[in-house]
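Mind having a look at this structure? Questions to follow.
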Amino acid sequence: MSVPAFLRRIFRGGGAEGGVRELVQLCDALLAESGEYASTALAREALAKWQGLDEPSREEFFDLLVRSYSPAVEPLKAAAAAYQAEPSNETLVRLQQAIETPRRELFYRLNMAPGGTAALVEMRRVLLAKLKAKPEWRAIDYDLRRPLRAWFNRGFLRLERIDWRTSALVLEKLIEYEAVHAVQGWGDLRRRLASDRRCYAFFHPQLPDEPIIFIEVALARGMSTHVQPLLDVQAPVGDPADADCAMFYSITNCQDGLRGISFGNQLIKQVAEDLKREFPHLRRFATLSPIPGFRAWLAKSAGRELLSCIEDPAWHAGEVPESLSHQLMAYCAYYLLRAKQGDEPLDPVARFHLGNGAALEQLNWLGDTSESGMARSAGVMANYVYRLGELERNHERYFREHAVAASSAVERLARECPLQGQAAA
Amino acid sequence: MSVPAFLRRIFRGGGAEGGVRELVQLCDALLAESGEYASTALAREALAKWQGLDEPSREEFFDLLVRSYSPAVEPLKAAAAAYQAEPSNETLVRLQQAIETPRRELFYRLNMAPGGTAALVEMRRVLLAKLKAKPEWRAIDYDLRRPLRAWFNRGFLRLERIDWRTSALVLEKLIEYEAVHAVQGWGDLRRRLASDRRCYAFFHPQLPDEPIIFIEVALARGMSTHVQPLLDVQAPVGDPADADCAMFYSITNCQDGLRGISFGNQLIKQVAEDLKREFPHLRRFATLSPIPGFRAWLAKSAGRELLSCIEDPAWHAGEVPESLSHQLMAYCAYYLLRAKQGDEPLDPVARFHLGNGAALEQLNWLGDTSESGMARSAGVMANYVYRLGELERNHERYFREHAVAASSAVERLARECPLQGQAAA
Amino acid sequence: MSVPAFLRRIFRGGGAEGGVRELVQLCDALLAESGEYASTALAREALAKWQGLDEPSREEFFDLLVRSYSPAVEPLKAAAAAYQAEPSNETLVRLQQAIETPRRELFYRLNMAPGGTAALVEMRRVLLAKLKAKPEWRAIDYDLRRPLRAWFNRGFLRLERIDWRTSALVLEKLIEYEAVHAVQGWGDLRRRLASDRRCYAFFHPQLPDEPIIFIEVALARGMSTHVQPLLDVQAPVGDPADADCAMFYSITNCQDGLRGISFGNQLIKQVAEDLKREFPHLRRFATLSPIPGFRAWLAKSAGRELLSCIEDPAWHAGEVPESLSHQLMAYCAYYLLRAKQGDEPLDPVARFHLGNGAALEQLNWLGDTSESGMARSAGVMANYVYRLGELERNHERYFREHAVAASSAVERLARECPLQGQAAA
Amino acid sequence: MSVPAFLRRIFRGGGAEGGVRELVQLCDALLAESGEYASTALAREALAKWQGLDEPSREEFFDLLVRSYSPAVEPLKAAAAAYQAEPSNETLVRLQQAIETPRRELFYRLNMAPGGTAALVEMRRVLLAKLKAKPEWRAIDYDLRRPLRAWFNRGFLRLERIDWRTSALVLEKLIEYEAVHAVQGWGDLRRRLASDRRCYAFFHPQLPDEPIIFIEVALARGMSTHVQPLLDVQAPVGDPADADCAMFYSITNCQDGLRGISFGNQLIKQVAEDLKREFPHLRRFATLSPIPGFRAWLAKSAGRELLSCIEDPAWHAGEVPESLSHQLMAYCAYYLLRAKQGDEPLDPVARFHLGNGAALEQLNWLGDTSESGMARSAGVMANYVYRLGELERNHERYFREHAVAASSAVERLARECPLQGQAAA
């Protein structure tokens, strides 16, 4: 398509000192459009312009979004005053209208372009990456996150099974995104999609080739306790008819630009139900999970003696004294059950699964001996069990009473941690 | 699916004096859910409950939505005061958060249910039908319309051609919805989908069997001036290769619940472009349109003498004196060009096409002799021409200068209207 | 596409005394093509030419197919002689090659054209319609039926459910083809596709909009005995969850050109299995079937007295003496159980269901009081029951011992027929 | 599915001395079935049994197919005699019926099983692999090839573009099957599917994940003369808008079991037309082809002196004297233009492209320096040009006059070959 006349006219005046100026002109034109008439073309142009900006220009654009696309101050103050004077339906709606920001309207209109949704997810990714350094950008995030949340409403997502019939374009994304246990090329991926495995992802109609979140499952006989056998490309493919456990061993959020718009709990529950339907003989749905915050917490909490034992990166290579392993396991149980951030567990993976209503079932010594497994979790892995009949009760107790559902074995372990006495003291 | 335990528990307490109470309990439970965990099930139950309510109960529910699901007054007053005191990014975001209504959150969550989007469109239809009598419900509409607008963002709609290969379920909806020229059963519809016709509709992924808006096009040799031949089921099917005009003779918004969220201008433009690609020899894209407000305006504006001539419903049946027809056409031209509602034309169809950038080309005497055509438009029909190269300019002039693009023939006619002198006087 | 040079050349010589000559030139060119190079274009042209021929020309073409496209006589005689002299693998293959007819090769090549399969099915329909008058065309049918049988191999057909979501193009075909109980327009069809009904059809990938055969099923409480209630458009829609019987009340072969290539038994069995899976509470799969040959047989077999009672077309309108109804039922049972054509029942519907392994369960007095029902079956209808566990045994006994599986009630009825004594005498 | 009763009964008698016996029992039961009733189940069982046989058992089964599934000798002799006595339509059809082999009927019925078509393609692959050693199996091949040809009729195949959106299951097959220039893993494949490349394949509805034949195309600026740059994974991706040549650099038949049922010429022509539509600026459609028989022919045809120069596998590694390269090119041109097998070129790739109507345009020195390229073609590659307007004439001249279309440059080269004089002498 050739550039329409209205686009050429938009740029006519400009001294053209750069892309941001042109982008802003396009955004203004887009907002000025009544009847949405030329909007699609303007939105497409604006997004193309945005995508062509370098990093400093993008920052400049964000700054402008804060400065120039906030609601008009005086009318908003007036509406605020009116509501204060008499809080009613009328003054409420008037205040709502006065607080609508041009920013948010802009995002709605940008979404009309083909590929608009994907571009706005990407824009938010860029925004979030610098939000700490630019706290004033929170105002943008507020206006971008709301529409994204509407567009990515759970009702619009569809669960799809990923297997070897899936397009290479999507499979390649899995290799790229997998955040828990990195995929070592196509052979590794193929093994993870063999007949004793399952992989599911949520997709959105506007991002047809982009998984939003995906989960990897192993169908196993007995609960898996160590992850390296699961990741072994050479491992023989089991018969799913023999399996009695579905082991969720990896779950990855793919879109940084959707941070805070969560789908994970929906995914696990729906996958568990689908699997139960396909394999009625499955008795247990459980995770084999990392404990990502354990090692960092340990460094702050444990005594120097213990820490010195695990200082050497190769400390677990030879024979490990039982006293050491026992002590580490006890610390780990204590960490998961007692270490808090507010009312909730300090460990993010624990928060996620316990919040879903799962129960902490078991800790596994040297469950993950990979470099990152040792560095983050001192090699320990956890099994969280999803008992479909108890999820709801656990979930409620977790949120109401901050109760952590855990097996008695893990409870016992935690009581054997040296810190336990101190806390009681 | 059996009723989950948490649903049974929700209703345990209630003295069950009716569906509204249970619906409110479900809504509260849905809003209380953190982690969206049981939300889908709750949303489904709530919508089913809503769908089962009778009319008075629905009104009661809407009243409750106004009363009990508005933002908390005191925090909002405080946030309003803070913004007034110092309008900044921080106070703005705080005010935005304080003004978020539980209502809108509720609508977001209800949309998670399967079929949620369709149910909310229907809910708004019910709401709008009584909005005049219940002005306080505008607060609900404000919170329902915003998410609907996000979900029905143009980027999510797909244009689909409707033909005889389309499912009967969708075709039946066309018969039901067609608002301009009613469809007389399947035979009529089949003719409207023959090879010298085209029909297109916008669909949304969440309403797969529901057209949002559809348009009917006849491929004709020369501009069509009378609608009855187009609607004649027995009319021979022409060869589209001979056609030089695409006549848009009907456009229908199907979803009352989406009123005010417009798609029509996008549709016409996109269809015109698609047709141009398929039939490069098409030279003209024009409508054959009713003038729905003409007769009512005439009753208020014309002299008694003229009105008495067209009092008898059969006035046009025999020979009509040329002086009468000329006078009516002149009044009609005047109506379309000079009769205003604010700055825009009084006639809604004129507003729509002129706003799209089309030009009023021609008026057609006895263009629609159906009962409704006579009753609304005194039988006159209009051709609005979409000249792809001029749409943009007309559109801009229409919105900036309220200029109505019209042919010199129609301008001349308007000048011959008796009212013209009076206005000048 | 413009006509390729080779097509123009083909026609260059011809004195063009008509379409048949040109068609034969195209067929010769198609057969002469090595490497299938221009074959698709030639095949398309040839089929278009065939479709344009009038009836006498088509007959002339068929005559030519017999005369000029048979195997060469002398080589075939030689190969026949060689096989006679020494029947071996070599002489067999040689004879097979010599007997390959240019006709069959021609049909293979015509099938390369887009729409070729449909065109050849249609060609066979035309052929079969006159086969009695033109017995020499059997040679053509032999060569056309074989490839059609290969192309319509059961493995290539897919069973599809037909419902209100199906395209109008296909639904219209159902209205057109339904051969057992004619469909009275779209309203009737809609009722037959309501939620207490099922309709399934076989489709072939090359005829995407053409059902090959379809079956209509009513989900009923108790076995249906009268067809008029099933055909009543106003009948309330039942809840399939209440049904315990699946009543097959209509099965129609759609393609006359595929006569003798049967699919019906596959269809019923597969549909029964699909229904059993969807509705595990269904206890009985049965038909409500016409007895199309009964009345004609009765006219030849019954005494004058009985026949005179049913001479008046309105004989059943008032009260029918029980003696008459009993006598007719007894004749009907006798007809189904004893009247033969070779070893099999004279009645074609009985042959079909009994051959499938169903059992004749019950006869229903005035089961079909439509004009055609009275004219063909004297109003009687039959229930054949498909007991999934017995089909196989019945089927085998039917084909080995010509045993007709029937309930004792029907057996008893047959013994009460006056003819029974005569036969025994 | 549990084993049906009739299957258990089939095996009841058998002394069960092995799979072949059971397979033959299943085949007999399948042939004995009237009404195709239990056929699908029997066909599935029989194919499963066949797939489980080891190699000697499969040979035994083929031997049995020859011995026991040929037509009955006496009726065939009688029919042969009748035809000899009086060749007529009736005696022809009778002979046709008598010669129908149980074998072919068996193959038709086996095709009813799910996956039947794929299994029979595989069965023919096994058969063909030993046909030389077992000439009597030709009778089987005759009866298997005919139905396969019907099932794989060109009209049933659909052309699909293969790209990075294609399923990994299919892409993996490309890596496995590619016969001309082996694919070096997923990275190599990805490059071959980049935006300056195209890949197309034919698929059959019964083998949805199996390409039948595929072709690889490079969109290039100027005609490609050397294959290594095309195969270079690191080569920068070009802009297809700049390309003026479509280079067919690899075409692979995937199914050995379909040998002799050719699709290649259709594929190239259709792909060329599709590309022309997508990229109207393409001016040339040409191949970059191996000359697979050159080296072997050279070894028999050239003098000892020349052969000794290229004896060392690394002869081309350093500088090659121009006299040598010129001599080799002249031999190669002579080989392609003059060396014959019957009336056609000895080189199979030349036969294929010339038969399609392409012209030999150019020979490229060291066009393929891979090990196999040197071993088969002494490094020379050929460009065959597909001029869409000349294909038909070339094709006809090739088949009628055995004329080889070649550029004057290649003709000249051939005349400089030492053999040229000898032939003339």
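Chains here go by letter, A, B, C and D, matching the order in which they are written, and residues are numbered from 1 within each.
One rule holds in what follows: a residue touches a chain if its C-beta (ideal position, glycine included) is under 8 Å from a C-beta of that chain, and two chains touch if they have at least 3 such contacts.
Just so it is clear, the structure is predicted and the values come from calculations on it, not from any experiment.
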{"item": "Neighbouring chains shared between chain A and chain D, ordered by label", "value": "none"}
{"item": "Chain whose Cα centroid lies at the greatest distance from that of chain C", "value": "A"}
{"item": "Listed chain pair A-D, B-C or A-B that repeats interface C-D [over half of contact pairs the same by residue number]", "value": "A-B"}
{"item": "Whole-Å gap separating chain A and chain C, where each centre is the average of the chain's CA atoms", "value": "59"}
{"item": "CA centroid of chain B to CA centroid of chain C, Å", "value": "50"}
{"item": "Separation of chain A from chain B, taking each centre as the mean of its C-alpha atoms, in whole Å", "value": "39"}
{"item": "Sequence positions of chain A contacting 2 or more other chains", "value": "none"}
{"item": "Residues of chain B defined as touching chain A within the complex", "value": "4-6, 34-40, 66, 70-71, 73, 76-77, 80-81, 83-84, 87, 89, 92-93, 95-97, 99, 108, 111-114, 116-117, 136, 138-139, 142, 147, 149-151, 153-156, 205-206, 262, 265-266, 269, 355-357, 391-393, 395-396, 399"}
{"item": "Chain A to chain D touching residues, read off their complex", "value": "164-169, 171-172, 185-186, 190, 209"}
